[in-house]
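Both complexes below contain subunit A, partnered by subunit B and then by subunit C.
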Partner chain A sequence: MPSELNANIQKWWITIKVSWVKHTAYRLNFFLQIIGPSLVFFFVKYNLWSSIYAGDSALTIKGFSFQQMITYHMWAFIVALVAQGHGSWNLSDDIRMGRISSYLIYPFNFWEFHTASWLSFQAIQIGIASFTLFSVSFLGFLNLPSLEVMGVGIAYTLFISLFWFTMQYFTGVLAFWLEETWILRVMLNIITYFLSGAIIPLDLYPQWLVNVLNYTPFPYLTYYPIKIFMGQGSHLTQGLFIILGWTLVFAYINHRIWKKGIRLYTAAGM
Partner chain B sequence: MQEPLISVKNLSKHFVSYKKNPGVMGSFTSFFKRNPVTKEAVKDFTFDVQKGEIIGLLGPNGAGKTTLMKMFTGIIVPSSGELKILGSNPWERDKNFRKKIALVMGQKSQLWWDIPAMDSFLLLQKYYEVSDQDFNHRIEKMGELLGVTELLHIHVRKLSLGERMKMELMASLLHNPEVIFLDEPTIGLDLVAQDNIREFIKDYHRKNNCAIIITSHYMQDVQALCDRLILIFDGKKGYDGTLDNFENILGNEKVVSFTFSQAIQEGKEDRLFNNYKPRWSEDRTQVELRVCEEELRELSSTIIKDLPVTDFATDKMPIERVMKELMNNPELLNAQ
Partner chain C sequence: MKHYWNVYKKFVSTSVSVETSFRTSFILLIFMDLFFFLSTIGSVSFIYDHVTTIGPWQKNQLLFFLSFMLMIDNLHMMIFSQSFWEFSNHLKTGQLDYIILKPLSTIFSVFFRHFRLSSLFNTPVFLGSLIYYGNQVGLSLTQWALVPFLLALGLALLVVVEFTLTTSMFWLTDGMGINFLRMQMQQLARWPSFIYRGVIRKVLMSALPVLLIGSGPVQFLFDTAQWPLLVGMLLCLVLFSFLLVVVWRQGLRRYDSASS
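Right after this comes the complex of A and B.
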């Protein structure tokens, strides 16, 4: 029914808009959110790799010169902004603190609310990523690839962000059983950093490990998208199928967990 | 007879939690072997609610009031029994059902803290599919009645408790619900704000003829709003009837108070008071007695004749007193 569809679109759109208002409610917080990761990137990673290369511009490590390594990490930063920025703290807090009671009463579902919030968050992240990207290229730190490569890279990264969201959602809904889910999320983030190539490019890993990792979602989260942006795209189709498969698996698990969890839910503290 | 809006039959809910002995050793043993403890929060509850009724759900803390409210609104699933509200099973949470009910929780904010109330209202307008015309009309009317029109664009976290509660009420009534659940809507508010909110609810009910279930610890709420009372003790229904009958539950006693021009010595004239559960003021110039209607005339005239009475008043048994008496002696309900 078109009117029902229209009403639904309006519900999603207003949720996205309200989420924007919420995300930007605290100006200082918002500002720190933008510059925080950049500071980490410039101070930690730049210093780490510049001390490893020790100013030797001729040195290459597994085919990476110092300049290429920095380029790799700039793209890692951009990819992380778009694909892995979202956390599920709100979601698990909602469950733990009994706040989902409100969503159970409103005629707009919990998953719809959180997915719409995620879309709104994504829009902000894309804005920040674009701003960062054009600033660093304008300052001459990074050469932007062709429009075609950029298009493929962005589409791929957005697809990954959907997977990331379903995985974060999974750690969030576990709050039905776990008192605290942050430790799980921190572990997942650290594992992801290492296995996705966000800290060290996968080229530096033993080949057998990379072969195994190629069946997991991890390398497709950071390493392969960076390669696309750097004009060395490979494993594109394989990556799409693997990520799609894992996304469906997590979406199904999330659905089951919700169904079971909501029967256990006691709305404590309501 | 009209089909009831809410029909509850033998409704029960139990929760399972795990017992943990204190200290590190307790944590360690409960890590490997958990001791489940089942708590019967609501037991075998049965009642009906008709359109237009306002029902006060009363009981001590932990009696099961909020558990009932959670089951009515579909937040938790009953363990057994039947529950139909507006023809739906609440826990199936059909979207059409959700559009017809509202819940206000005095202890928990449903508005988003970091944005002005108006932004939350606009969100709810879309969720409940309220037309712009109805929305604007209702916001204007309710804002005026509650005196919060000026505050609609202020961040919710900057509002006082009373102001926030008014916004919560507005938010829950925007979609013109048929059944409204109010869980301690006046908790923590000053007397003026309490009164304001009661008047608003009364007015809203008169105009919309909706069904309202309200839980509260303030007897004034119940006296001002409810036609019918349901008492819940330890998960079970203790009383279900009119407010008038409730006031007479301890017999047809009246409260009679006497003020004297001078203190009445302890021991002196005790025979006059002792059978009537006297409550003396500290300086013993005032006494409150509980007297049944038949003896009232004779006793009063004896006291007025024998003692220096300057003032004297009779009143119905206040429901706070009835409640307190019943909480201390729940067996009185069975004796009815």
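Right after this comes the complex of A and C.
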């Protein structure tokens, strides 16, 4: 039994290492696809809010001074890097191109392979996020919270990343039925950016909309994690339960989809 | 010219046939564009619930600018967008061989090959928004008459800059990242030039003139004294077209088919 466990750990570890190499093989591509969009998104928001506040240090908008608004968006950048990675985009290609035939033969499941690949992607993202965080803190652009707050914030963000992975997995396995799953992924990103407070803080949204959103997973993906890092954590328990609930629901749906989909699978190219 | 028009009609008809074969994807694409439209307009509206101006512009002016940019986006999605993604795949797989062999301009066969019908379904929404906010800012009849030309000019500048940027894929093992770079350029262009400052603004107004795409025409519509921006757009259009032809030729020489 222990040797079986060791062998399994070994499989996971090797897959993580191989995925790491694959993710970082084309560094320019990695930068343009993964880091670039978040950087440009932050750059646009920084310029937009600079233009809105127009150097007026006394101006506050819904409780946000210019400095607080920029701090909010710096944390949004970090949270997006860790919690909303796009490491599972090749999942649907594996199905469409008939590459999952290999997984049906290998002693390593499809979900295990992609989860291990996602873990390696997460490790890279966490490395980049940590480097960014300590750089901006060292340069004096961001005050890091206490260790306790950081610990809670990081744990919460990692938990969200697991939910995000189940959502990405969900859009990926729909490739059994859909020709193009990237549309669903992009749609999910657009809706999430808008409803999670990634573009502007939810404090600026109409109250009725925020009340409705609190029952969905969206605000817990960006807005509340940022609030934790800013030392204004609230809805923590509610958020954990809502995200846990949605994660379990989507994990079950993914399982069912896989079981149904594999019966339809025709192994293109075989 | 007639020959190219006939070929383009065939490109459109085959693209429509392919797209409508996958109905779920077709419908999802319509919704994707709609969500994008709503989230963009919604975000700006929510900001204006708390401030009266952003830079020198009031709510309706900025929403007119956004509608103008979204209309360009809609046309870009319809006519060009898919071809960029296909091009990076064709380079990687060697399928570009078959395009080069055709007795047509390769730039035409690569970038005009795919038409997206689903975007046409959303055009009334984007156009409606442009007309609504155009009326809100009080455009005169003459200004309205200029809008189609300014849209065409903005779209032409966007795609020529993107075509030129895309040629860099010839020198890369995987060109997918360039497509993401293009999308980031579009994101930068979706905001008026006055929100940017310093060197970055100068670069984005000249060397990589993405801010001219929307800001040039809209600022001219609001104030005709801004006509030098349109001259700048025309100059950039000519310069980038020239650059595109030169770099494209170099790229084709550099291309070594992956399939042979």
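In this text, the second predicted complex is superposed on the first by the 258 of 270 C-alpha atoms of A that agree within 3 Å, B and C clash if a C-alpha of one lies under 4 Å from a C-alpha of the other, contacts with A are read in each partner's own complex, and residues count from 1 in each chain.
Simple rule for what comes next: a residue touches a chain if its C-beta (ideal position, glycine included) is under 8 Å from a C-beta of that chain, and two chains touch if they have at least 3 such contacts.
Here the structure is a predicted model, which means the values were calculated and not measured.
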Subunit B versus subunit C as contact partner of A:11, first or second or both or neither: first
Which of subunit B and subunit C A:98 touches, first, second, both or neither: first
Subunit B versus subunit C as contact partner of A:26, first or second or both or neither: both
Most subunit A residues touched (candidates subunit B, subunit C): C
Partner chain in contact with A:106 - subunit B first, subunit C second, else both or neither: first
Subunit B versus subunit C as contact partner of A:263, first or second or both or neither: first
Touched partner set for A:194, first subunit B, second subunit C, both or neither: second
Contacts of A:132 with subunit B and subunit C, given as first, second, both or neither: neither
Overlap of subunit C and subunit B interfaces on subunit A (superposed complexes): 26
Contact set on subunit C toward subunit A in their complex: 22, 24-25, 28-29, 31-32, 35-36, 38-39, 42-43, 46-47, 49-51, 54-55, 172-174, 176-178, 180-181, 183-184, 187-188, 191, 194-197
Residue ranges of subunit A in contact with subunit C within the complex: 26, 28-33, 36-37, 40-41, 43-44, 47-48, 50-52, 54, 61-62, 177-180, 183-184, 186-187, 190-191, 193-194, 199-200, 204-206
Contact set on subunit B toward subunit A in their complex: 15, 66, 70, 73-77, 93, 95-96, 98-99, 101-103, 105, 107-108, 110, 112, 114-115, 119-120, 122-124, 126-129, 155, 183
Residue ranges of subunit A in contact with subunit B within the complex: 7, 10-11, 13-15, 18, 21-22, 25-26, 98-99, 101-102, 104-108, 262-263, 265-267, 269-270
